[in-house]
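Heads up, the next two complexes both have chain A, just with different partners, chain B and then chain C.
Right after this comes the complex of A and B.
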């Protein structure tokens, strides 16, 4: 047994996170709410309707793959036999395969949706989210759009693009009011958008603190928190309190060198979501004293995107926002502020790969990463964007790289789990590291 | 071999010769949402990138697992086959094409490049404003690149030429409505593909001549009439294979087929808006067919209007637009008792396997095909009356 390098202790916020998660899971069981398929991308506006909840198929599909390989395979087969591509992302195939079957794993009926609000994204498959529930049951669907172009921001060009985004979101809200006879609480939405900005501030502080050696929190832990207020829908004030407490605890740990992994001696990064059914590899890597710092995927959502300034210092990337004191007097005001004046915002990880090809190297340098574990997902558009080219660039920057291949983070089909662990062993050993335990 | 087939087969030579002759620039594009009229008005030649089958050992690190067609386009750039192209435009359609575009400009940072945002929600009230704005931005960018002012009269001329081309291609497709079409599916597809790499004014002249000649041809063979649905294509190999097995593609619902010419630019004072509306109102690409669901009914209408006997759905492996939309096409075809065959392909077409499958489809459908062989029906689109009335298939 090797002597521990750093003090470590469990996160105190765990219990609170579990309670909030349970609260959300309980809330989605409520029968008196309309169920929407999609994601509320401009703040959780669903909370501003009296009886609406919105569920995205991504976490549902990932959870299905994790819970039961057998049932998720049946679901995917149901999809393929009806025309869906076998290489389509597993989130789709698992979730909507159950719609064809008409039941869930436990035998209960498939939870049909009442409406669809897909998450606008540069990804084609996101654009088609919720197409099937609309096609196969008589429910309304409201499409949003994700304006995109290459090159520096062009504010004049973006005027019409921003108007388009604002129109799409407003139409969703106005139509849901009309179609379902539910009054939208504009005041609450305005408060929610202000809270969102505060929450992002706390979250980005947490993420930047991961640059500390040792890191006070690993990405394995982070995955339990980062959906709060997003996919895990809660009252905005509750989410703000949670992130403030998380920030306080992580800052204290960083100040006192409390490590997420007691033997941290190797730091690695990733790019896209991991195999959700097989997160045990994070714990496996801890045997080598290796800790995962995260990825542009985990950090972009929290607004922790870094750049090296001309003077060589590191700092947060500047984003374009309306001034803080911009009045929110109408629904349009709030939707504009929620969507920001930047038509391509938020710059999440997929957009970054197009607009900022050097972002992985920046991430590796800022977070002091020794290695990069880059998945090659075949089942998602954008999920394997120039992955091997990025590996080459990272290697040139002194970062050791390993790839692994699989279908998609929500599809177990092609991930060879034992082979994956073997390769991790070889990767670590090739860098002179042996298991500490 | 007609002139279009020659141009299609020697398309790189054609573009090089065009450059040498005119001194103009050649602009490559991937998706057929690209507003070619503006490029043409700038005096440049818009050329659609066409994939082909070739050994590839250069693109894997940049486009691992992508659709093979877009990988091959990148390969052709890396290996210099597209050395004559001066710039690249991506008009938003599918994301693989976006990858291809991004990787090409990564390899060629000196390239002129431009991204046209085409809304995924074409039916929104603001979509036309967004695309109209994009048209104007593109025009300005083109002017900077070519050093040529794009005047209103140049845009009008381009619109006229492109509309004429669309009308002529429609005439070509109308010929295929006949019971015994004088133009085979492979021939029509090669004309389509040639038109996508040619100077449209020249293409129009050749098309006029071709149509005049074609309309005097003797009626074609009696064959099982097939509708082709699926991912974009870059050659006519599948159509030729189908013809060799007793079938004939009489209509398609392909982005590079009927969707390419289906609607014209309707003139209005604001030319950019006219162009925006043309591209938004064309038959929807699967990714852009969402809330109003126009695609299934459009497919059925084509099927009925061209009196197809069955359908072939050919999806590119990894084609996500069609991989996420096929179920609704299958559902439509099944509900309306339309026989169809689905298969996946890449830039190659495995002849033995595909032959077996298509032969099975043709053999299955043929006994049930109903034909009227009366003389007037045969001559519906042809001035030539066949010497002998044809036997009905059965």
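Right after this comes the complex of A and C.
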């Protein structure tokens, strides 16, 4: 047993997080009693309709695979029997399969959608999301769009992209009001977007604090707070308070060198979502004193994007930010403020694969990562033909790389758990590390 | 000091006993499947007998391989690339890389000047290019591994099989046989496919392999595959006579440290 390198202690905010989570689940049950279920992404606006509940396939599908391999296999088989390939995103094979079966794992009916708002993404099945519910019944579909650009700031391009996105969202909102006869609460939307901006600021601070050695929070713990933002739709001020408290605690831990992992001596990163049903590998790595700092996937969502400046220094990635007191008098004002910061988002997991390697290197350098664990998924999110190129570039930059293979984050089928841990052993021992416990 | 290394692989168990830095005894046999622990026991006795010592004379034992946790009496375990890297420096003190081509995994390790590991590249999950594929196809072609090993470099005579998937390799092989190709020609194509796969792993690293690369593992005993790999990679591998014992030897050398 090696002497502990850093002081560590549990996060004090756990209890509060659990309470919020319970509150969130209760509020969903309440809203279930109302009519109208959408299927969309980036749906802050959905909370501003009185009777619309958003169902996002990604978390639902991930949870299905995590809860029951047996039921998710049945769901995927239901999809495959209708001709959908195994390379389709696992989250969606689970959800859509349950839709074809007509029931969920507990026997309750599948929550059929009343409309869909898919938007395109790098794994492409996002655009097909709307197709499945529409195959069953002729429900309305609005196509979200997510244009963004990379490279140096380009004001003209930015304006065109933002105009387009504002147009798409405004059309969705106007149409949904008309088709479902529901009044959109513009005042609530403005309040929500203001709060979201503040929350992103706090979360961004937390994520930047992870550059500290030792890191005050690991990505395994961070994932527990990852979906808290969804609460914004219900009680934005409460969530803002929560993120403020989280920021305060993480900052205190960073200032006082309170580590997430008491024996932190190796920092590693990822690139895409993990195998959600098998998160124990994070704890397994901690036996070597190796802590996961996260990935562009985890950090971009919270707004912690870094880039190398022309003078060689590192800092926050430049995005368009409106002054806090910018008036939000009209629906267009609010949608514009809500959608603009993402217009230049090269750090996000949606970026072009040609440029992803560079963003990984930026991440590794900023967060002082020694190694990177890159999945080779067979389909869905993270199915990336450029994975080996990313590995090559990272290795050239001095970052050790190990791969593991599996089907996709929401599908247990091909993840060899023992083989996975064996690879981690090989990786760590090749880095000169032995288990500390 | 007397130490021992036990490599419990998918196909075979290899044991090496080292006395004062020199090999004093060794033994190998089938891994025994579910009876792996018993197989280790039998081979352990055999190796001790060859070394002319008793079990109590061995001060430290280290185990490696897929079944390393089945060696109940091991003092420590190490992963295969670590063992392979140590063995490479034993065989060739100036070794810069080691390729360990085994039944269930291929590992390519590059070494720094001092012998520390620089980079590890592993095969992907598919069995294509592995020793288990060779054994499987040998059975299908009704040839022995020795017969396949003895094939000349041009045995394939222009025939090719898939190199990405063992199932497809088998299908391709059957198709060639049905079209009238001789088993030796198909076996030549299979050897070439294995070499392609091994070479891919060699190329999956930043530091290129050189002629100071040691080749160990059971596949190293197959001259035809090795010749195909040499031709494809352009590397003149250093292949020890007891190449299949590589990881066991490395383990034995590491056991006392």
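Definition applied: the second predicted complex is superposed on the first by the 375 of 437 C-alpha atoms of A that agree within 3 Å, B and C clash if a C-alpha of one lies under 4 Å from a C-alpha of the other, contacts with A are read in each partner's own complex, and residues count from 1 in each chain.
The definition used in the following text is that a residue touches a chain if its C-beta (ideal position, glycine included) is under 8 Å from a C-beta of that chain, and two chains touch if they have at least 3 such contacts.
These figures come from a predicted structure and were not determined experimentally.
Colleague: Quick check on the superposed pair: does A:131 touch chain B, chain C, both, or neither? Answer first, second, both or neither.
Modeller: A:131 sits against chain B, while chain C stays out of touch.
Colleague: Taking the superposition as given, does A:376 touch the first partner, chain B, the second, chain C, both, or neither?
Modeller: A:376 sits against chain B and chain C alike.
Colleague: In this superposition, which partner touches a larger number of chain A residues, chain B or chain C?
Modeller: Counting residues of chain A touched by each partner, the higher count goes to B.
Colleague: May I ask you to decide whether A:200 touches chain B, chain C, both, or neither, giving the answer as first, second, both or neither?
Modeller: neither
Colleague: After the superposition on A, what does A:427 contact: first (chain B), second (chain C), both or neither?
Modeller: It touches chain C, and chain B stays clear.
Colleague: On the A-aligned overlay, A:76 touches which partner chain: chain B = first, chain C = second, or both, or neither?
Modeller: In the superposition, A:76 contacts neither chain B nor chain C.
Colleague: Given the touch rule stated above, what does A:419 touch, chain B (first), chain C (second), both, or neither?
Modeller: The second partner, chain C, only.
Colleague: Counting only touches as set out at the top, which of chain B and chain C does A:395 meet: first, second, both, neither?
Modeller: Touch partner of A:395: chain C, not chain B.
Colleague: For chain A, which residues belong to both interfaces, chain B and chain C?
Modeller: The answer is residues 376, 388, 392 of chain A.
Colleague: Considering only the defined contacts, which chain A positions touch chain B in the complex?
Modeller: Within the complex, chain A touches chain B at residues 79, 82-88, 92, 118, 120, 122-125, 127-128, 131-132, 134-135, 141-151, 154, 157, 159-161, 163-164, 167-168, 171, 354, 357, 376, 378, 381-382, 384-389, 391-392.
Colleague: Would you pull the chain A residues touching chain C in the complex into a rising list?
Modeller: Listed in rising order, the residues are 376, 388, 392, 395-396, 400, 402-403, 405, 414, 416, 419, 422-423, 425-427, 429-432.
Colleague: Show which residues of chain C lie in contact with chain A when the two form their complex.
Modeller: 66, 78-82, 107, 109, 116-117, 119-120, 122, 124-125, 204-206
Colleague: Can you list the chain B residues touching chain A in their complex?
Modeller: Chain B residues touching chain A: 60-66, 92, 94-96, 98-99, 102-103, 105-106, 113, 115-117, 119-121, 124-127, 129-130, 132-134, 137, 286-287, 290-291, 293, 315, 317-331, 342.
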